[in-house]
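Residue numbering begins at 1 within each chain, and the chains themselves are lettered A, B, C and D in the order written.
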């Protein structure tokens, strides 16, 4: 796996099709083909769709290896949001929904998006602020609202939409719906310019104007939207950690190689403690991220929800890996500020990870509250 | 001044001519015209060229106000590298050089670049690794070498080139030369893709292949290149601090406004200590940067070289201001990761400031060495 | 001044009379005599009591020089709480109170204490939790309550007591009272074992059981207790910063000297960047503390209350100086963990300064709130 | 085990026999008796001496539980330096040495000390600076030198002494010797006043003036001193981490309980994010320390030397646990600065752990060097 990423994927990092809004679908398909050919495509997918349904520990090994190149997860089809959506659909979707949505997604025929986040004053860190509504109308639901930062919306075949259901005996019941992105009532207003650039399709503003879906478009049950979001979130957070850990390992390799080769003030810069201490701190941060991922994965693998563990892992990994990116860039000096190495993109992308899937502050708040309620450790 | 930047310059931040390689020359000229019209153009320039030859304390006020928009220094013509080059030429250039190079530069007719940094294994943090050579040939010097990260080279009318002079009684004597960028022996190989985007012309790789300049092209004296670099560097570092402080003040305003308005978990996020402590830390970092700038400026104004003070100011300000950028982006959450506010560009640009004009590590090394030699304080 | 502290006071740092509960009164008197002899005693005291009524900027210079030895402020009689009490009485006390309390205090004949802080659930970071009561009884007030962490209570001649006045037209009006510590209704229950050891008399638990004082014992006006506390607090915080800055300068000198002399791995440890970067960071933290003190002092000197500036100065200095203590101890290695240098005591004492006169968290909260109310800077 | 420490050991924390130079031998014996009675005495000792010869993973559980009270390791006889000396003797000692030294030590009949560290300019972070000499004289060795920071020397029955052997075919060969502390040629010059206070006997300065020991007093082989020091060091570092982790858990419990109970500004302080974020960060630091300890223990248990892992564990744990101590003290506010809770002692003791068994800087240097030599991860 590591050889595949290193030998076959890394060369594409200079490809012009890797734009500021992510790799194009064309590049994605070319990388997917390579991965299929090498027999490493979508190893996490359910077995019925050709995958190996990896355990969380198994994912830790594979996704970290994939993350060695920021294009690796794209090639293996284990990037966000598709990877999390496959998991969610696998747990929640009805048989017909599996066939219609999960099969093409798990096999990489199509891409998907997950429409939860809304611009202010809507749902962000606080999901209860959800503004998008789904109103019952006969056998249908009619969805209205605006979402943003919707990763991969541009080019996605379908969307999972979070909305507050009104009617059919419910009032304001957070619910997930499935809808084809080709529906003209779904409009991609713009693709946002963002600090990161590794997600296919970038991040978009998406509007639903009277989007009409049948009763069967509900994913799982009405009113269970927040619960399903948790089903998706805890593992999804951790797979982000895994992939980014791979990039941290890569950055450390690049910085180490540079520190060996580049000379200043009479010796390789790596022989200056100002540099070698940064390499040591990188190694310790990588080590901690690794241990935290393994631990949380093993808790998930024994069937626990791992809310607390995945929350801590998210904060620890996103911050530790961001420090690795920062130090690696610093070691590279002027070179680090350029796109001549991948570290520049990594540094920018990792910044967003301290925000998405829950900013550090929301996790600290939740961890602190749990301590006060349940005890100090 | 603050009103000019806020009312006239800020609106251009959404202008398409602000590219990833900086504002275009077209945009720059439009902004310069506005500044001239408002009577705020180039207040630091020598009086003979229409400026007010501001003291360092005076610059602190004006450049900080300009930096409130990242386009402000471009508008006022007080951005790097021109601002530093004006200072250097004002101190060192001969009368004919002043007329030919300084006058058009100080009046904003042309732009310039400063060609010192080289790719590995050349001059970077350690200037003694200088590889570019100037060999005496009759009455001329012939310059060969490669430079990179040359800010504003694309579109510059002339360059100040650092090279090791050989011949004419010298051997390896670091020397500065003036040359027209239109000379065909100067080739811009490529404009680098960099993490920052605020400098007109971006950062380029520049080659000199047998560039022939007359003896009179030497700036100041042969062999004084490193000394002149210091003349340029100490104030140039500080003006970077001033401009970036302005951007920090702006980011804090944006974050504060958002923290007042955006609600989560039942109240404005600014009423959560997780956010308000970040605002408080921003205020303290801005305060410290301000005090450090004023102090160093006052030391420079009394004629001191301020090597130690400007070194400390560079580390303190570049790190404090980077923390402000980081916290402001974090407070903005998802919005912070987008270019919908200026904070995203600021966060990226400021990253480079911990590297250019001496990485923090080189300054810490120099400060530490001075302490060991001269005493603890 | 610096010479006096270095030559006359420093030798007493090994004196056995410097106990874990602070220097004894006997040691204090010996040091006071030396200071009087050298003409440096109580330079901040009002002129009518033989002092020079130094400006805040003047105090910055003198108190920092005094703090070079942790016994310096004791020698000069400019230590807490007497220094702050002198200031408070000078501003608020009636003529007869000045004569009875301020004169002997300002001239160093006696010591005093300031009884505000209470054990949980009483007044601490949140002064409004004040539990001690003063009930009107005829012409007298009768005070009941428990205070703790009362610095210098043991050996003090009088106390300034904060209590909630009930009666005489008031209900729960925070008020300050003056009382002789010899009153049998005042009981020192115990002297606390604390992490710090530089304050004469240590920190005690003090009980008032039906302490009866006359109406004339009110300091200033009934109900103005919290306002007077602010009068005392802003400058008192800053003088702590000044004194501790002196100790930071001392620690840096000790660490620098050790880094020059001690060899490891083939060279003086100061030539290892792992050590020299710590010295550089110390120098920058000392520099920042110095600038912040000067700035706040100058704001106070122009008659401003400097609430915001002194709050920021308290956080910045207490944290910067604590880092200096920590790094200096680390540089000294095994030696640093012993009382063979003063750094061990300094490290312990400075820890408390991040708590007393408002913990960092309370200041950050206040600074953040002010930003949200009044703007970002 | 946890119940034993909590119910039987914790009450002794207020015992006057816990002095600033550690618990007295009298207190130690009383605690040992309690542990024997409860069947929890010395579970790590070899089975032949009544122990269970716990694996490293087993030690992680037991020593962490013991560390819940700083007196717990004393009670269980698993404190430094005896715990490490038992391990060292178990691996290296000859049968007669086992009988004479290891048996009484492992059964808790006597205490021991480990004489390696020397005052400047001798062996400290850099062991190669070893100054103590052992000169061959007939069948004996004659040892001369000065050691310091020798933990537990006061009251120890015997010492393991590191010295440079000269003679018998060797020259400057680092060698360990066994000697009875009752030998009049061994003199305890003074017990140092140190920041920490948890080790029985404190830390002493020890002189050897012509100490004559027979050839059989060599521990293991001549010239293998540094190798044996490594045998002792890697596990000894880790057991420090285990014990201190227990104290961190305790501090977090105390801080949590206080944050629930203490009110300020209208609610329990734990409901202020300024406090709850500290509790969350404590939880994450404790979690990281725990994971690191488990990982390193498992590497040791599979027979690996774990040099790299134990080096990283030492830095990670000593720094993470120190942060827990610092935050816990801060949460406690004024109470935290007093010895009314154990946190004050913990804060002081843990400071030394960032220095002993290799300061963070020496470990970072070693980790960095390993990366540069062997690769980035």
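Please note the rule applied: a contact is a pair of C-beta atoms (placed from the backbone, for glycine too) under 8 Å apart; a residue touches a chain by one contact, two chains touch by 3 or more.
Predicted, not measured: the structure shown is a model, and the values here were computed from it.
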{"item": "Chain B and chain A - chains in contact with each", "value": "C, D"}
{"item": "Most distant chain from chain A by Cα centroid", "value": "C"}
{"item": "Centre-of-Cα separation between chain D and chain A, whole angstrom", "value": "44"}
{"item": "Distance between chain centroids, defined by C-alpha means - chain A, chain C (Å)", "value": "52"}
{"item": "Whole-Å separation of chain centres (CA-atom averages), chain C against chain D", "value": "37"}
{"item": "Touching two or more other chains - residues of chain D", "value": "272-275, 277, 361, 364-365"}
{"item": "Chain D partner contacts - residues on chain C that touch it in the complex", "value": "20, 117, 119-121, 124-126, 129, 148-149, 192-196, 203, 261-265, 272, 274-275, 329-330, 333-340, 344, 347-348, 351-352, 354-356, 359-361, 364-365"}
{"item": "List of chain D residues in touch with chain A within their complex", "value": "249, 252-253, 255-257, 259-260, 268, 270-271, 273, 275-277, 279-284, 286-288, 291-292, 295, 312, 315-316, 361, 363-365, 367-369, 371-372, 375-377"}
{"item": "Interfacial residue positions of chain D with respect to chain B in the complex", "value": "272-274, 277"}
